[in-house]
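Across the two complexes that follow, chain A remains constant while its partner is chain B and subsequently chain C.
And then the complex of A and B:
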């Protein structure tokens, strides 16, 4: 198969749709079961980007691992993840081989660890292409050169090894590799964390470009809500293993219903506006509960300035306001909470009580 | 976060003048035999900085620009190779032995990663006590009291925490312990090297707030190093932007964040993702990476990546020129001194893009 034929064949792949439903993941640890993810559900319509946000330990990376079939053996896994209608959870190794890279590709968090140090980067991309497409080495190499051009790396550097690349270049190489087979669904797990802002902005410009140029679907996992605001149509906010809020990005980040989302929003550093009073930066007091023994009611109750007795005893129902949904007992008071959450005193009182 | 008082009444704590820290690259035996000089990395190449009591100075720039080298040189973890560092008027650039140890009691550093900067085998109490033992301060009871005082300062209740281990604490709590360890010696000057970049956004604010409060309450001079120029706006009075071993712009934080003059500062600020996508500015991508400090380009150090580069920039390095509002900037666009000396070379013009990176079809499609 020639390069033109290969490109035409890959370009014909449609963007994928992903429906995750009732996903729960339980790690078995020496100290007993650990419910990292509980009853998570979301839908990525074909050709759109979904942002999965939350702080460390909220289970967002576990969701990615479950989707890629990367969880350790013996991990409890329930629910469904339908990729264009096919359930991709708990597949056998053989079946997974057909799905990974080909239909769903991963841009990992630490580019250093996801490249093999003893093979040249070109060889690694060629290997991924040839594992899925019946092409010769020369054709696969030519495809790899095109992918490098796409992410702004010189083709001559394909022969180099990972250690010869800077952090930002490695991250771009990983993106090139994830794009090589034009999978319908991309999972990007913290693709820019630990990079400085200039590099982050360059990488995100490229990732956004993929979306516009190739019409792929993407799940972007990050703790940076501004990156989500600039990139994703849909936002899903996770806290302590559960989805607390989801919906169209403009609504979730613009008019949040859940106090946790309000907290995240106020904790985000903004540029000062000259003349205007400086907006206070407000942190969310307390720490994420231990998921080995999660609290009986709302998991955010311990850190929530608006928590009532009901919140500490009864898990909140999911309330919907149009396409926006939040797991909170008091979504009807969201307007009032938003005003209070913007004041540092509201959260400071919590800290004093904690 | 805070209202700062005027600068006049505050004493200068630390002052660097033309500070240089060059590192010699490793050279092979053969090149040594043929008499080749080993290459020199000019990590820090002539920097002036002054920090007063109760002042937080922000130092920003991307990875590899020399920010950390400046921090480490100021606390004398690195030996500067040129220039001068004065601590309360006393030259400590080449202090040794006893004098150096005394200085190190006064100048402390907080590192980026609270997961690797705390010894996992020591308890919190032991970690904070260690500097006191090294500097032979007090007996066991006095030390215990000082440890408790330092823990109270960082809002970690001593009673229930001294005997815990770092693994029992969250990232934000660990960073507070690292700050307590720096404070226990009652220093006057602290370098905080990316203290929040490893922490979740939800707790970054509390650590920044703590640094801000400590500087005011204890009268500390703080150098806050960060690649995130947005956080700098919250706690700093004064900001210095570094590029390839030199300061390219400095001045009052609010002025610089609101209206950057140097094209590099402009780009740093534009790179920050915005919560409201409508506010996102047009972004000129910078070409490539920061050049290697082993191979500093002639002329303006930023010329190889600057969108407004002109022939003058590639030939003559601009000086730091005074600008209105107490700012200084190192750019030919804002200073015509060099242009008058070299009228034969074209001068760069603000806003006239001469050099835009080919960002590839992807970025084109995105814009």
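And then the complex of A and C:
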């Protein structure tokens, strides 16, 4: 198959749709089961981006690994993940052989260490292509050159080894690899965290550009609400292994229903509004509960400025307002909460109490 | 790169010189009188003196040492007391014999050990394959190799009678290299070769296994898995990276292995350098023993140099300075 034929074939792949439902992951640790993710569900319509946000350790990477079938042996896994209708959750490596990279590709969180140190980067991209397409080495290499161009790397450097690349270049190489088979679904797990801020925005701009150009679907994991606001149609907010709020990005970030989302938003600089006074940064005091023995009621109760007795005993139901959903007992008071959450004192009081 | 090799070669020469010197003086200070065996053969005093002179055993220790080094530099190892022949003539065929069991034995031992080690390292943690693999390798590694040799002899030679248990066989009419191509030779070669393989295999297996176990949880392996390549390919990436520590261990380990090969040569009466070395030491045959040690030192030093260069080939991150 020639490069032109390969390109045409790959370009014909449609964007994929992903429906995750009731996903729970329990790590098997020396100290007993650890419920890293519980009952997580979301949908990524074909050709759209979904932003998965939350503090460090809330289970974002665990969700991504579950979808790629990369959880460690012996990890408890329930739920469904329908990729264009096929459940890909909990399949064996052999069964996933055709799904991985062909239909769902990954940009890893630690791209710095994600490349095999003893193979050239070109060889590693070629390996991915040839694992799925019946092409010779020369054609696969030519495709890899095109991918390098796409991420702004000179094709001549394909022959180099990972240690010869800077962090930003490695990250771009990993992106080039993820794009090589034009999979319908892309999982990007904090693709820029390891980089300096300038490189971060460059890479994000690159991902957005490529995405608009190729029209893929993407799950974008990040801490950065501003990136989600710019990039994603849908936003899912996770806290301590659970989804606390989800819905269209404009609604979730513009009129959050869940106190955690409100707090999270305060932790990031607002897009500057001309003439308006700069908003102070407020972080949410306290720490995430230990998931080895999760609290009985709302998991956020220990840090929530609006927590009532009910919150500490009973898990909140999921309340829906149109496509926007939040797991909080008091979503009907969201308006009032938002006003209070915008005030630094509200959170400072929590810190004093803690 | 060239400067690096030159520097390493210079270091190697230094090491070989040191070993040679130590050997030289060690044999001189050993209590027994080397000429005793010559006397036993009923030599007259004049004849003995003449022999001593011819073999450079007269004069001060220092003069002897200088003479010895001078001869060595010209490729002259002197003459064996025992065989009364130039050392080189005695040693050369023995070296070839040793290489016949050592080289294939080490290569096969390393290759088979690494292959099984990869399989064991890639197997499910705590599963049957992992546990039995580690168990067997540890047990075999713990058994002294003369016991392995004797066990092989007992089973396959004495009891089953499948293989001869002694020596290299009778060359008959075939001479020169052709003798190594006879079925008879291969028949004799089998058991000692298997003994070397068994001796060398467990360490390779265990090292490779721990390398693969360590590498399989690395981030880059996760990405290889995510690419949807066949499982064999994923295991290969882990194995390929595990080879690096194996290589650094392998070549220096050759020195130790030589001790093991000496034992195997003795058990199987295989006429190799190692067996001859032991005989030469007990016979007080200095020139022969010194030459054998000299050759071993050269081989070990070259092996280390080779290890460095092979490592550089396998690991793109290595820069020679």
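We adopt the following convention: the second predicted complex is superposed on the first by the 345 of 354 C-alpha atoms of A that agree within 3 Å, B and C clash if a C-alpha of one lies under 4 Å from a C-alpha of the other, contacts with A are read in each partner's own complex, and residues count from 1 in each chain.
Here, a residue touches a chain if its C-beta (ideal position, glycine included) is under 8 Å from a C-beta of that chain, and two chains touch if they have at least 3 such contacts.
Here the structure is a predicted model, which means the values were calculated and not measured.
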Combined model on chain A: chain C and chain B, fit or clash: fit
If we overlay the two complexes on their shared chain A, which of chain B and chain C does A:345 touch? Say first, second, both or neither. neither
May I ask you to decide whether A:263 touches chain B, chain C, both, or neither, giving the answer as first, second, both or neither? first
With the two structures laid over each other on chain A, which partner does A:113 touch: chain B (first), chain C (second), both, or neither? second
More chain A residues touched by chain B or by chain C? B
Using the touch definition from the top, say if A:102 reaches chain B (first), chain C (second), both or neither. second
Does the superposition put A:5 against chain B (first), chain C (second), both, or neither? neither
Centroid geometry (CA): angle chain B/chain A/chain C, rounded to a multiple of 10 degrees: 80
Where does A:163 make contact in the superposed view: on chain B (first), on chain C (second), on both, or on neither? second
Contact-wise, after the overlay, does A:332 reach chain B, chain C, both or neither (first, second, both, neither)? neither
Upon superposition of the two complexes, what minimum C-alpha distance (Å) separates chain B from chain C? 7
Residues of chain A defined as touching chain B within the complex: 55-56, 149-152, 166-169, 195-202, 204-206, 208-213, 223-227, 229-230, 253, 263-265, 267-274, 278, 280-285, 287-288
Could you pull out which chain B residues touch chain A in their complex? 1, 62-63, 170-173, 200-206, 208-209, 227-231, 233-234, 253-255, 257-259, 267-277, 280, 283, 285-286, 289, 357-366
Can you tell me which positions in chain A touch chain C when the two form their complex? 68-70, 72-73, 93-94, 96-102, 105-106, 108, 110, 113-120, 127-128, 131-132, 161, 163, 174, 177
What residues of chain C sit close enough to touch chain A in their complex? 124-125, 217-220, 222-231, 233-234, 237, 240-241, 244, 314-317
